[in-house]
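Two complexes come next, and they have one chain in common, chain A, joined by chain B in the first and chain C in the second.
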Partner chain A sequence: METVDPKSGEGMVCGCCNVPLETIKVTISYLKSTFPAEIPGCPRCGQVYIPEDLALGRMAEVERTLEDK
Partner chain B sequence: MSAAAADTGGRHPAATFSCCPVCLKKLPARLVQREETVFLEKSCPDHGAFSVPVWRGEPSWEAWIAAAGGTKTSPPEVTQTGRDRGCPFDCGVCPDHRERVCCVLLEVTRRCNQSCRYCFAEAGDDSSADPPLAEILKRYEFLKKAGEERPFNIHISGGEPTMREDLPRIIEGAVQAGFPYIQLNTNGLRLAEEAGYTETLKEAGVSAVFLQFDGTGDAVYRKIRGRDLTAVKTAALEACRRAHLPVVLAVTLVPGINTREIGAILRYALSLRPIVRGIHFQPVSYFGRYPAGVENPPHVTIPEVLKALEEQTGGLVHSSDFGPGATAHPACGFHGSFNVRENGTLKPTIRRRGDREGYLSGRDYVATRWVLPGGKAGCCCGSSEVSGLTGWDEFLSRFRESLFTITGMAFQDAWTVDLERLSRCKVFVLSEGRKLIPFCAWNLTSTEGRSIHRGEKDSW
Partner chain C sequence: MNHQDLRAMEELCIQEHAPPCTSHCPVHVDVRGMIRKITENDTPGAFDLFRKAAVFPGIISRLCDRPCESFCNRKNLGGSLAINALERFCAEAVETAYPMKAAPRASKPLRDQRKTIAVIGGGLLGLTAALVLYEKGYQVTVFEAEEIIGGRLNRFPQDRLPPEVLRRDLSVFDTLPISIKTGIRIEPSQAGTKLAEGFEAVILAVPGAFHGNRFFETSEPGVFARDGGENTPWSPILDICRGKGLALSAERYIKRVSLTSSREFEGPYETQLYTNLQGKTSKERKDLFADPAEALAEAQRCFNCSCLECVRHCVYLEQFGSYPKRYVREISNNLAIVFGIKTAKPLVNSCSLCGLCAEVCPNSLDMSTVALHARREMVKKGSMPPAIHDFPVRDMLFSNQENCLLTRRQPGTEANSYVFFPGCRLSGLQKDHVLSSYGYLTSRLEGGVGLMLGCCGAPAKWSGREELFQETLKNFRSRWESLGCGTVITACSTCKAVLTEAFPEMETLPLWEFFLRHDLPPAPEGLPERCSILDPCTARYDETTRKAVRALLQARGIAVAELPHSGVLTQCCGYGGLVLYAKAEIAGKTVQRRLEESDNPYVAYCSMCREAFAGRGKPVWHLLDLVFGSPGEHSPKAKGPGISRQQDTRLLLKKELLETFWEEKMEERQDNETALYMDPAVTEALEKRLILLRDVREVIAAAEKTGQRLKNNKTNHLIAHLKPGIITYWVEYAPEGDGYRVYNAYSHRLEILEDR
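Right after this comes the complex of A and B.
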């Protein structure tokens, strides 16, 4: 059985489609800035999962930078 | 001409205290607005009345102070001196100070290889001994203990710090002590003249060079610094570029000498991106050494600098792009942060205020804007988040490289000092007696050349 790690998104399954999440390409957009990134998401419905590490790490860093805090 | 007390929006009282420029006696003072100018007015029983402009033009004083309304003040948890004679005599930090420390200047020498006509430190051929390296390392330990929640940003200053042969050791000591941002304040002479020196400083761990830079031609340098320096500045900047050592240009603005060069200096700085990360304007303050015979010396105020930035660049930036600085009382400084577009135009970044403690905001602002992407203090590498998400890193790197800051600080001299502002200062000098003294209190100099704090060694 694969270990599930909500912090990294590893081993997570899409609640709607019941398929394992994969690393998918998405476009991140915030405060009129846009850039491509790869994050865990459902290959069927396209919903993404933001792991805690990402939310508190890179994503927060981008937010702070864009908001000039 | 109508006279009325300045409406400070309830955030800055019209009634304050100041000092006599002649004897430094503490005096009641008032901020008085006449038309578009706010004057600081005071009267010394021995030396007469003084009226000095501290704010002239738009944005108005009221609007500017109000713009910073959401910023919380953060009184220091630990103070080092008691209440005795009151502000500005009790510094150390005293119990009445209302802000924590953001940046600390360490004056590592009083010697200098220039003899500028204007010098707040009055540096030159001072024969007093430099503090030994071991003493500086002890001061780092003291500062680490005094740093609330996070180590301070360190500014290695002087005199001219590069006069010390052990400067790389001093920088390494700050790195080893754990300070996240170590700035070198320099005139750039040694950086320009000694091959490999900037690389040595970079390897030692300096975060950014704060380069004295007053203009784009020698006429300005002759008037302010007493010699031609354009070639020196150019060579110093090239040396920093080679060493990948980020630079902020520090411009002393002297009315009638280089205030018409503000736009040209900004364009020059932008042409040297990304190694030049920003430009910092310092309207001249009459501290230390300045030309003799100045009775009521002319001051450039913040709105005048902002207006000049707009007018002299043909609207490349607008005064509305700027707000109160994060490292001082709102009337003490301004800042603007911009993304430089590929076509060379500047897009102001969005700033949200008020939801963080001001002193932390100020420390982080400096530590992330004045370094290069991938550099130590603003580094986005080496952390432990999810691997493989290079889009985030690339975006951060590109975004940060395109950032350019335009900031300024109007220091307060014996004419302009407003003790309400001084009590909210976040830029400190560590005295030899290991007291933390607000920058303007440290440098405050009477017309007779006396200081209150500079040189004190008493408390250790």
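Right after this comes the complex of A and C.
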């Protein structure tokens, strides 16, 4: 999955660490498939942020593709 | 159902069977394809299709005795299509425009078989056999008694078979390495001597001593002859057919393979293809074309025969762009693959399992049995994505948890002749009707009317989760037995169908029947004068229920205008088979089509049907609205309560039933009922995204407890997520008063493996 627009995490801070979100590397998993992705998240504790347009757009598309496979 | 059963089901689909013109044509000209090309102004393409089967296009287009036309579906609607005239039109067009391209075409043999075959007789029959054998790679010698080949073709009057046409068709032998020996008369009785001369097989293409059987065998091995028929009128097209058959028999004889196998479709046969002629109008046949436009007009009379009955009636079958034969093949192939890409999942999960296809199919092919079987297999093998049916199954489990379940005998009686089982949908959508119905039944029926709340298990069944379905049925049965059994009174056709199939010994009756047996409550005000009925798909084979509903409407004085899709031909609303959750757009299209079937207000007697059709501009009454009235907020035009309220209503229903009929107070629930505030747009989004308020509360509670949440410094909104099951929920919120204001909520199925 391609990198998410870095601006999507702008103005967001981690509620635990009180630091601004940055683009972090995560692993995404669904239906026996795993792949790396870069999404906004806390550089310190790793708490992630999935913006609405990502969840309902590209992620939903990937979900459908994997479900139909 | 095993792989073979699936193959047998696939065979039931007749869409790929030939149209009658082609099946009755001895050489099976693709008439439908040819006509289509004419209508597309591709005359050379049409001619190619004709030549491919007819071998000698000039001769056949002039002389064919056209058996195809007697079987044309146009026969009684303006006259059979002028197929032969159109073939001739194509031939003449190509002869005029591209004379070099009008001759027969023999493809180059793929390999030299190094075997020789003698063909005795150089007429149409023998020449066809010779040409076909050449294409198969044999060295062919034709012996003709006359000085020129062609036999009787040379004796036709010029106006029937112009000499240049005959010459062009026979010119193919001028260039091919087929040995033509003219002026040599070989008596049929001498055919065997050719074998002795070294020919591997002999084809006797003149009338004579030998009469071949259906496979052209004679009493002499290696000698093949036509099957007599000297006393029947000569048919040029049958000669082409027999020439091909003779060639095939000779080849099989030489190759020492079965002479008879897979030859059932050789020559004319009866096709199984069904073409619905309803609504087709008559149009006069034209045999002679003054110009190409007239030929085109004649070609356009072709019905382009095909079945596709099920595809015409079903949005799902139409949506995938093909027909059941291919669908079943795709599904069964996918089930057979252990590893590899499976492409049939959307096909498997988009069927409403309603069975309409079986009703309209001439062979009763039922896609629902294939789709349901595939779902069960996929669940068993772990290849079914659980998220697809997650919401309806969780909703079912909610209905069957202790807070919602109720199993009671009628207060004050030990007897239990009946059990009222309203089902989970009505309980969530219109609880007042459940209260009124139970009150009605207990006051009218003798022998005790018990009550059971809960879900029958249909969502588990439809999702292919067989184990869960059986467990749900088992629990239902044990609750029913604990009451002392009794006739089950249902208010939902799905419950009735599920229970009847699972427990044939359990008597079930529709609630509507009792309003007819006893008195009807006073008529509410504002009832429609006329309506159309939305029969649920689960009542397709339940005539008792369908009749009772109509009688009830009659008793209320409401005129009924039947929809084209009603009774046994009814369509599903999209909830059946859980299509709504797997492919919402298919469910939506089905509903839209049915909405357009009539301008009348609709009456539904399935709560899910009512919900699917309501809120789209047309009044949609639930049958119980017409019995007890439409309580308060339930306008026939409005949709019922949303997914969260339906669950709350089921909880509330149990409480109200216990208070009303058993005078029992339920303990107040100690749930996390934090106040949530949101704009209608947010409520609507939650509804569409199948996010319950319960899910939202859970996310906020966890975030507030652990502090794990994000903050948007621009808006001061908090954003938190939680994955309580297989779905991850995100909520954007902020504290407000005694609770929280929710600004947004969404979910995803992909799992983010966070490294915290």
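Worth pointing out:
As a convention for this text, the second predicted complex is superposed on the first by the 61 of 69 C-alpha atoms of A that agree within 3 Å, B and C clash if a C-alpha of one lies under 4 Å from a C-alpha of the other, contacts with A are read in each partner's own complex, and residues count from 1 in each chain.
The working rule: contacts are C-beta pairs under 8 Å (C-beta built on N, C-alpha and C of every residue); 3 or more make two chains touch, one makes a residue touch a chain.
Just so it is clear, the model here is predicted, and its values are computed rather than measured.
Shared-chain residue A:28: touches chain B and chain C both.
In the superposed model, A:36 lies in contact with chain B only, and not with chain C. Once the two complexes are overlaid on the shared chain, A:61 sits against chain B while remaining clear of chain C. One of chain B and chain C touches more residues of chain A, and that partner is C.
On chain A, the surface patch touched by chain B in one complex and by chain C in the other comprises residues 28, 31, 39, 59, 62, 66-69. If you check the complex, the residues on chain A that touch chain C are 11-16, 21, 26-31, 34, 39, 41-42, 45-50, 52, 55-56, 59-60, 62-63, 66-69. Of all the residues in chain B, the ones that touch chain A in their complex are 337, 349-352, 355-356, 361, 364, 368, 380, 383-386, 388-396, 399-400. Chain A contributes residues 8-9, 23, 28, 31, 33, 35-39, 51, 53-54, 57-59, 61-62, 65-69 to its touches with chain B in the complex.
Residues 341-343, 345-346, 385, 387-388, 703, 707-715, 718-719, 721, 728, 730, 744, 746-756 of chain C touch chain A in their complex.
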